[in-house]
Amino acid sequence: MKIKINGELLEIDAETNTPSLTQVLELYGAKPPFAVAINGEFIAQSQYAETSVSPSDLLDVVSPIFGG
Amino acid sequence: MNTLTIYGQEFDSRLLIGTALYPSIDIMRQAIEASGSQIATLSLRRQSPENNGGEAFWQIIQSLNLTLLPNTAGCHSVKEVVNLAKMSRELFQTDWIKLELIGDEYSLQPDPIEMVRAADILIKDGFKVLPYCTDDLVLCRRLADMGCEVVMPWGSPIGTGQGLLNPYALENIRQRLPDTTLIVDAGIGLPSHATQAFELGYDAVLLNSAVAQATDPVKMATAFKHAAIAGREGYVAGRMPEKQIAQPSTPTMGMPFWHQET
Amino acid sequence: MNTLTIYGQEFDSRLLIGTALYPSIDIMRQAIEASGSQIATLSLRRQSPENNGGEAFWQIIQSLNLTLLPNTAGCHSVKEVVNLAKMSRELFQTDWIKLELIGDEYSLQPDPIEMVRAADILIKDGFKVLPYCTDDLVLCRRLADMGCEVVMPWGSPIGTGQGLLNPYALENIRQRLPDTTLIVDAGIGLPSHATQAFELGYDAVLLNSAVAQATDPVKMATAFKHAAIAGREGYVAGRMPEKQIAQPSTPTMGMPFWHQET
Amino acid sequence: MKIKINGELLEIDAETNTPSLTQVLELYGAKPPFAVAINGEFIAQSQYAETSVSPSDLLDVVSPIFGG
Amino acid sequence: MNTLTIYGQEFDSRLLIGTALYPSIDIMRQAIEASGSQIATLSLRRQSPENNGGEAFWQIIQSLNLTLLPNTAGCHSVKEVVNLAKMSRELFQTDWIKLELIGDEYSLQPDPIEMVRAADILIKDGFKVLPYCTDDLVLCRRLADMGCEVVMPWGSPIGTGQGLLNPYALENIRQRLPDTTLIVDAGIGLPSHATQAFELGYDAVLLNSAVAQATDPVKMATAFKHAAIAGREGYVAGRMPEKQIAQPSTPTMGMPFWHQET
Amino acid sequence: MNTLTIYGQEFDSRLLIGTALYPSIDIMRQAIEASGSQIATLSLRRQSPENNGGEAFWQIIQSLNLTLLPNTAGCHSVKEVVNLAKMSRELFQTDWIKLELIGDEYSLQPDPIEMVRAADILIKDGFKVLPYCTDDLVLCRRLADMGCEVVMPWGSPIGTGQGLLNPYALENIRQRLPDTTLIVDAGIGLPSHATQAFELGYDAVLLNSAVAQATDPVKMATAFKHAAIAGREGYVAGRMPEKQIAQPSTPTMGMPFWHQET
Amino acid sequence: MKIKINGELLEIDAETNTPSLTQVLELYGAKPPFAVAINGEFIAQSQYAETSVSPSDLLDVVSPIFGG
Amino acid sequence: MKIKINGELLEIDAETNTPSLTQVLELYGAKPPFAVAINGEFIAQSQYAETSVSPSDLLDVVSPIFGG
């Protein structure tokens, strides 16, 4: 299946059609520290496991960067 | 007390500094150290191979043991602000957030109406909000009344370095909000701009480009460190009264050569 | 080199301070020390029972081991200036003289025509002249051409504390006289005024009332000490370019939440 | 004889009618450090002895004072 | 076209004038006539024996056959604004309303958040709203987007006569809202302030105290009439480029007396 | 009397206009007529085939029947000024002379020392001198004391259009020289600059580039005509007092909706 | 009955306890031109007759005045 | 002989070696209105005839031009 992460389509061959966010982040290779939003809504770390991702979802995985 | 108070925390330095636009991460580190700042702003962006530098940046920032002030720069809606704020809180382990909700692409001016809605939601969610706003007294007071212990009106648009375009408005805000921690955020271009902000009674100054884009950022950081002390001390010392007519400093009494005829 | 040069002598401090108008001689002493100034102005007046305090003053001044800059304040003619200068040279054992030839009672403005004549005589007599003048470029250049290694245009009238009334003129003088030691004398009221003078490229600032007439002169002296460092360091560091349009400091690239439709 | 010093008339009983500046300053009780002018013209210390003061002369005896 | 357009109506005069604070009703009448204004602001207050003069005022106003612009001065809430507006519409038989919703007692500054809510209700109710607002671009644009064909940012607080405190902000609004009729309302104290507003590209100026509180209101009204023409014509004529370096007007070529040696 | 007096002659227009830098002689003619000016400056240069246009210019100027004010622009020494003045007097049959003695090539600033010497010679030779000088009070007073019934301090350097760089100095000159006809010469760029000069109490304004180099010189000339009237009338009318705190224009008494509880 | 008009209590002896706004304005002696609000809500002229006023009501009767 | 007028050398074949200013201006073809200076010193019209010009002289012949 294809999921859109950080604006790019990611091909994921997961068993299920609705993998958990934990799996997706692993497959994506997210590097800590990071935080996540699905469809613009923040998802707390504690929710990763029980949050399932569906193809239409838009994911954001963000990390610290300089800012003013 | 001559320390800066932000949501109950005390700081000796009255300079808040940004971490962007430096020629290199190492110069950023040296400049921040030279500035004496204890609070630095930073942000969140998407992970990507390109900004692996992000890791280097994050290492350095942690090593400087600063108080972090994450911003919501680039957000154009209440929803974006609120969710980026929550991501920041989780990642940076702080409930401080510099609220930035852009209302105009060219002036990068905050949206006075939407930002109030965003502040309301964030405060109710337990955030300690430091709103970047315009020099509109009613807006500033409203933010203070909502529970913002810190309010940060701009001096001039972000990155222009034009200094304080409307000192009258800024002074007015200071007089009307005596108990709010007031910080001039954005528009500072020269050390004298920072000094002036303190002379108006502002508690602190937040800047970034003025240091990062100077020919010698580290030296400029030193300059601003002294500018903040100069302005604050000068404010506390109480300025001489301004006069319209000249007043001799050297006494005229006892001037030689003057002999009235006898 | 980052030291101030006056007629070949080097100084670390870029603040010249006046000794008049302090609440007390002791506060004067503390303020001068706090300011870090190495050069102080003073004057000559007739002896009299009243100013026996003059002795106390003289004791303190000597104890501070400062470089003395006697002035000719109060003089209204070339003859008065020249003779007071000679008396100063003998008494203070210095050939430095702050040339002050008042041309107007209300503005205490120097007389551009007479002061040139006085400077000419003093220079030929071996004096090292530091002329207090207006911000008139042609006048300043003429004084420099005559042999004044230091020229001191005013910011605003003596004792008004209005700051730099005409930065354009002052900047112009700086650009046209790159090799002359330029000092803003008179009119400084706030630390930010001093900082601004340095940002314009001036080598030093001479002030008195701004410190002496502050509510807390000693603290204000500290403020000005930092203001001078801030301005000078900032000038040397090279300011960021001023812009008309806002420039984001935080990068927009990698902003989350933005997904173009697929 | 009467001499005007620092704007005030000083009565001096000197033998001669033209006492030296040295004498006059002594009688006036000038406190060092000071510098002197007669009729607005500076007189160097080295000249005190050989400078004679006449009744019409106007003397200035100045000392250090604060200034800006 | 060189006429002022307000909600489709054309006017030759670009001066809107207030009717308050004149020494007498007769001087008011003369001043309004001298100003050449075709639009005058007025208000509604409770009937009472005292302001029976209200009748005299009303007679005069009608006789001047001006376009009336009722204001909601003194209103502190959306409800007050909306109901006073409806009373005005019925009594003055006009759907024009100068929206004034005070957010601060001291600065008499409009409330940027509440006024937007009021404007929304009034527009939906068919009013032609002329909002008095601050010089906040985002606020001005929001009002324009809501359907205000005219937006009226302040120059400085009502009745202070301080002129344009932030020309940069006002110019910015003009550039970003090219199709909106922009009027500087409040703060004008001198004819040159009005002229400057037009030079920034503003379409009109609304003033009251500057004329009514002048020593000679009628003469001052004449002055402002010319100030408006001067500013508008100057804006349309296109100003000379401002320069940093002097440029001779008289030609140097052909200067006599200069003979290079042969 | 509300007319401008120059060496005993009365003029209705308070605008003196230059004749240089227009796109064409015809536009010059139209602009001068539109400005309403009754006095025009012009100069003398060497005859040459190239400036045969000089003849066309001279025809037009004579046809406009203006009072001519020849200048000594381009002169760098007392001798040049004096001899060019004499040539002007003979050729233009007038003893009026605009004294211009340049002391600096870049700022085209007058030389305060040399111009005094030139004025002295010219006055003794019977000229009616209108000196172009800096905004130095002592210099201006000296020129007035020498017999200049008109003194013309600059607003900013010639041709820069920066307006009045030091209003404080200009106002000071006005207050100290109440009986001298004062004209702001040079630096005017916008109609509001001229209006401001009159509001400071100046009797007239002399300009050239602001009109000649405008996109539409004729329209700009009209603008300045009104700007002069606006400023002068405003000055005579007596400005409203400037205030720091807002003052409502619409009365608060009788405001509806306010009912204290009973 | 007593009604509060323009901030002052007005004694009205009306037959009914709820006179019409028309009556009240007449008794108050409102001079045209004027506009009316009851309890802060605008009342159109066309509604005067059918609007009844009760003692607790707060009336505003406003007329033109100078304004800025 | 050669004379310098308005910065340029003018060849003049005059009988004498010191022609009058009147002659020189005629030969130069000066167009009225004009005014004249020799070696930087103004010469009044009334003096033209009796003023003789010598080769070393520097002449200026000026006419009206626009100015600010």
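Going in written order, the chains are labelled A, B, C, D, E, F, G and H, and every chain counts its residues from 1.
Assume a contact is a pair of C-beta atoms (placed from the backbone, for glycine too) under 8 Å apart; a residue touches a chain by one contact, two chains touch by 3 or more.
Keep in mind that this is a model prediction, so the values were computed, not measured.
**Student:** How many steps does it take, at the fewest, to get from chain D to chain F if each step moves to a chain that touches the one before?
**Tutor:** Minimum number of steps from chain D to chain F: 2.
**Student:** Where the contacts of chain A and chain C overlap, which chains show up?
**Tutor:** B
**Student:** Going by the touch criterion at the top, tell me which pair is linked by more C-beta contacts: C-D or E-H.
**Tutor:** C-D
**Student:** Whole-Å distance, chain B centre to chain D centre, using C-alpha means?
**Tutor:** The computed centroid separation for chain B versus chain D comes out at 63 Å.
**Student:** How big is the gap, in whole Å, between where the Cα atoms of chain G centre and where those of chain H centre?
**Tutor:** Centre separation, chain G to chain H: 96 Å.
**Student:** Could you give the separation in Å between the centres of chain B and chain G, each centre being the mean of its C-alpha atoms?
**Tutor:** The separation of the two C-alpha centroids amounts to 54 Å.
**Student:** In angstrom, rounded to a whole number, how far apart do the mean CA points of chain E and chain G lie?
**Tutor:** Their C-alpha centroids are separated by 35 Å.
**Student:** Residue numbers in chain F touching 2 or more other chains?
**Tutor:** Those would be 18, 20-21, 43-46, 48, 51, 71, 73, 80, 83-84, 87, 106-107, 109, 158-159, 162, 208-209, 248-251, 254, 256-257.
**Student:** Among the residues of chain G, pick out those that touch two or more other chains and give their numbers.
**Tutor:** 6-7, 37, 40, 60, 62, 65-68
**Student:** Mind giving me all the chain pairs that touch?
**Tutor:** A-B, A-C, B-C, B-D, B-E, C-D, C-F, E-F, E-G, E-H, F-G, F-H
**Student:** In the complex of these two chains, what residues of chain C are touching chain B?
**Tutor:** Where chain C meets chain B, its residues are 18, 20-21, 43-46, 48, 51, 71, 73-75, 80, 83-84, 87, 106-109, 157-162, 189-192, 195-196, 199, 208-210, 212-217, 219-220, 222-227, 229-234, 236-257.
**Student:** Help me check something: in the complex, which residues belonging to chain G touch chain F?
**Tutor:** Touch residues, chain G against chain F: 4, 6-7, 9, 37, 40, 58, 60, 62, 65-68.
**Student:** In the complex, go through chain E and note every residue touching chain G.
**Tutor:** That would be residues 18-22, 28, 41-48, 51, 54-55, 57-58, 61, 70-71, 73, 79-80, 83-84, 86-88, 90-92, 158-159, 208-209 of chain E.
**Student:** Any idea which chain H residues touch chain F in the complex?
**Tutor:** Those residues of chain H that touch chain F are 6-7, 30-31, 33-37, 40-42, 44-45, 60-68.
**Student:** Inside the complex, what are the residues of chain E that reach chain B?
**Tutor:** So the residues of chain E in touch with chain B come to 103-104, 106-107, 109-113, 116, 134, 136-139, 141-142, 156, 162, 165-166, 168-169, 172, 176.
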